[in-house]
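Scrolling down, you'll hit the structures one after another.
Next, two complexes with chain A in common: one pairs it with chain B, the other with chain C.
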Partner chain A sequence: MDKRLKINGQIRDFGDQLPPTLSELLKLLHIDQATVVAEVDGRIIPRTAFGQTELKDDAVIELVRFVGGG
Partner chain B sequence: MAKMPCPFFELRNAVVGIAGLGGLGSNVAAALTRLRVGKLILADFDAVEESNLNRQNYFHDQVGIHKVDASIENLRRIDPDANLVGYKIRLNPDNIPQVFAGAHIIAECFDRADQKQMIVETVLSKMKKTIVVTVSGLAGFGRSNEITTTRLSPRLVFIGDGVSGTGPGVPLTAGRVGIAAYHQANAITEILLNELNFMLLRGGTWTND
Partner chain C sequence: MDKLVIAGQEFESRLFIGTGKYASNAIMAQSIEASGTQMVTVALRRVDIDNPNDNLLAAIDRKKYLLLPNTSGARDAAEAVRLARLARAATGIAWVKLEVTPDPYYLLPDGEETLKATAELVKEGFIVLPYINADPILAKKLQDIGTATVMPLAAPIGSNKGIKTRDAIEIIIEQATVPVVVDAGLGAPSHAAEAMEMGADAVLVNTAIAAAADPIAMASAFKLAVAAGRLAYQSGLAAQSHRASASSPLTGFLRSE
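Right after this comes the complex of A and B.
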């Protein structure tokens, strides 16, 4: 069965291989790592740990993205 | 002199942190002072510049003055009894929990996207009893109704249109920045009125983990 992630409430299929880490997922989504807060399965992942955070099938990921201005 | 009216006495127990005193923070601070929130913790590292006056709550004769001092001066003109604590400091993941110790809610009022990321990550991961109200996507003008308030999780409120960043040809304007700032102030008011008693009960003496 296809591997999938739930990202901001939407299920996304990745075929037979998930991006191995959160960092790889963000690259795939063209998201600048400096401007996103990420939660995986209810845990806030510090930006410095994106590269070591492995993604498992059916993980629930919340991404909050920031743009400048204030 | 008569005391300023206090519409909600329970808010006298509230502590709110304001991270950054620019277009968002200077206006949020004024709104919360008018509401007579018990204590405001203000933090910024910068001085008022001419270019700030198009949207920030400062005055021409305050150019060159530190934003913390200028804010305190302005807020005390609203309420001479306001309980204000100022930090002239550049916030980082190490000092944020100390500067804002005791705050029930922190308003993220930075300008740069990576700084917004930094404080939201820090509050969510290091200050387990504090709510953060953040803003992303307020540049330009018009499109008032695209700025929304969303409670993404119990401790994270997200305000803005999510996409309108500053850049060449996309200025920050008083109206749209002000709308976002007042969304922030209104979200903070709502949370405090609905949840402060619960937060105080749960926290006892309020301390962060």
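Right after this comes the complex of A and C.
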């Protein structure tokens, strides 16, 4: 069965195997870990914990970063 | 030196700058420099998964400029609190510009939701700078529950209309026990000078600079205007009158009798 994650509102398929941790997911997506903030299933994950945060099937992930604003 | 103090942090510049709407990060960085500001606002948005590495923070020298994350995009207190927590998780900064704007057409702040979010954020140890309509009663309520400033709008965000809420801002300035920052709608340096002459403690400007034909020069113009307005306020503006009051002597006129 296909493993999926919902990332920033979009469901993505990962085939047989999810990236095991949040850190691995960010590497796969080429997202700079130093500049991103993450929420997994509604919980904010501190940057220091990216490598220890395991991802489960159907997890809801939000990846946000700072942009220009007033 | 006439220093501004917000939540124990001293500022020599009374001009705060937003980082949105610039044509490029380079122009933004140079405009920030030209403005002489010491604090800039930033927003939080989802990473674009297809274009993940546009990095605003790299263009802002964090050693020179304090970052003030905003909760722009929040439509209610819950969304604002969520954004504030995310911002703090990213930077460790507890300062937040609280912005709750449910209506995208006028982007006016929802006072009720702002009050609700403030209560929660103050409890969680945030330093809250709330963006509000120029409502003196609301301003007093917010300062009483522990905000670091109140930030009444001059006109809708990005409208560049100038101070359309003058009388109400005057009342807020008169009654506030926290610094008053006029934020939103200031479109020209003269508007910023006007706010400072009224006794505002600082102003926050974004669109007027970012959307100017020459943003870097406009940032300098705002820097001068804020300094001029503040000095004028401290110098005691001369009284207004309805009738004329001659500037030259009223005797010794050379006239054929």
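Definition applied: the second predicted complex is superposed on the first by the 65 of 70 C-alpha atoms of A that agree within 3 Å, B and C clash if a C-alpha of one lies under 4 Å from a C-alpha of the other, contacts with A are read in each partner's own complex, and residues count from 1 in each chain.
The criterion applied here is as follows: a contact is a pair of C-beta atoms (placed from the backbone, for glycine too) under 8 Å apart; a residue touches a chain by one contact, two chains touch by 3 or more.
Bear in mind that the values here come from a model prediction, so they are computed numbers and not experimental data.
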item: Chain B versus chain C as contact partner of A:H30, first or second or both or neither; value: second
item: First, second, both or neither for A:G9, with chain B first and chain C second; value: second
item: Touching partner for A:Q52 - first (chain B), second (chain C), both, neither; value: neither
item: Partner chain in contact with A:L63 - chain B first, chain C second, else both or neither; value: second
item: Per-residue touch tally on chain A - higher for chain B or for chain C; value: C
item: Residues of chain A at both interfaces, chain B in one complex, chain C in the other; value: 32, 35-37, 39, 44, 46-47, 62, 64-70
item: Chain A-facing residues of chain B, complex; value: 20, 22-25, 109-114, 116-117, 120-121, 124-125, 134-139, 152-153, 156, 158, 162-167, 172, 177
item: Chain A - residues contacting chain B, complex; value: 32, 34-37, 39, 44, 46-47, 62, 64-70
item: Contacting residues of chain C [partner chain A, same complex]; value: 18-22, 28, 41-47, 49, 52-58, 67, 69-70, 72, 85-87, 89-90, 157-158, 184, 204, 206-207
item: Of all residues in chain A, those that touch chain C in their complex; value: 7-10, 29-32, 35-37, 39, 44-47, 62-70
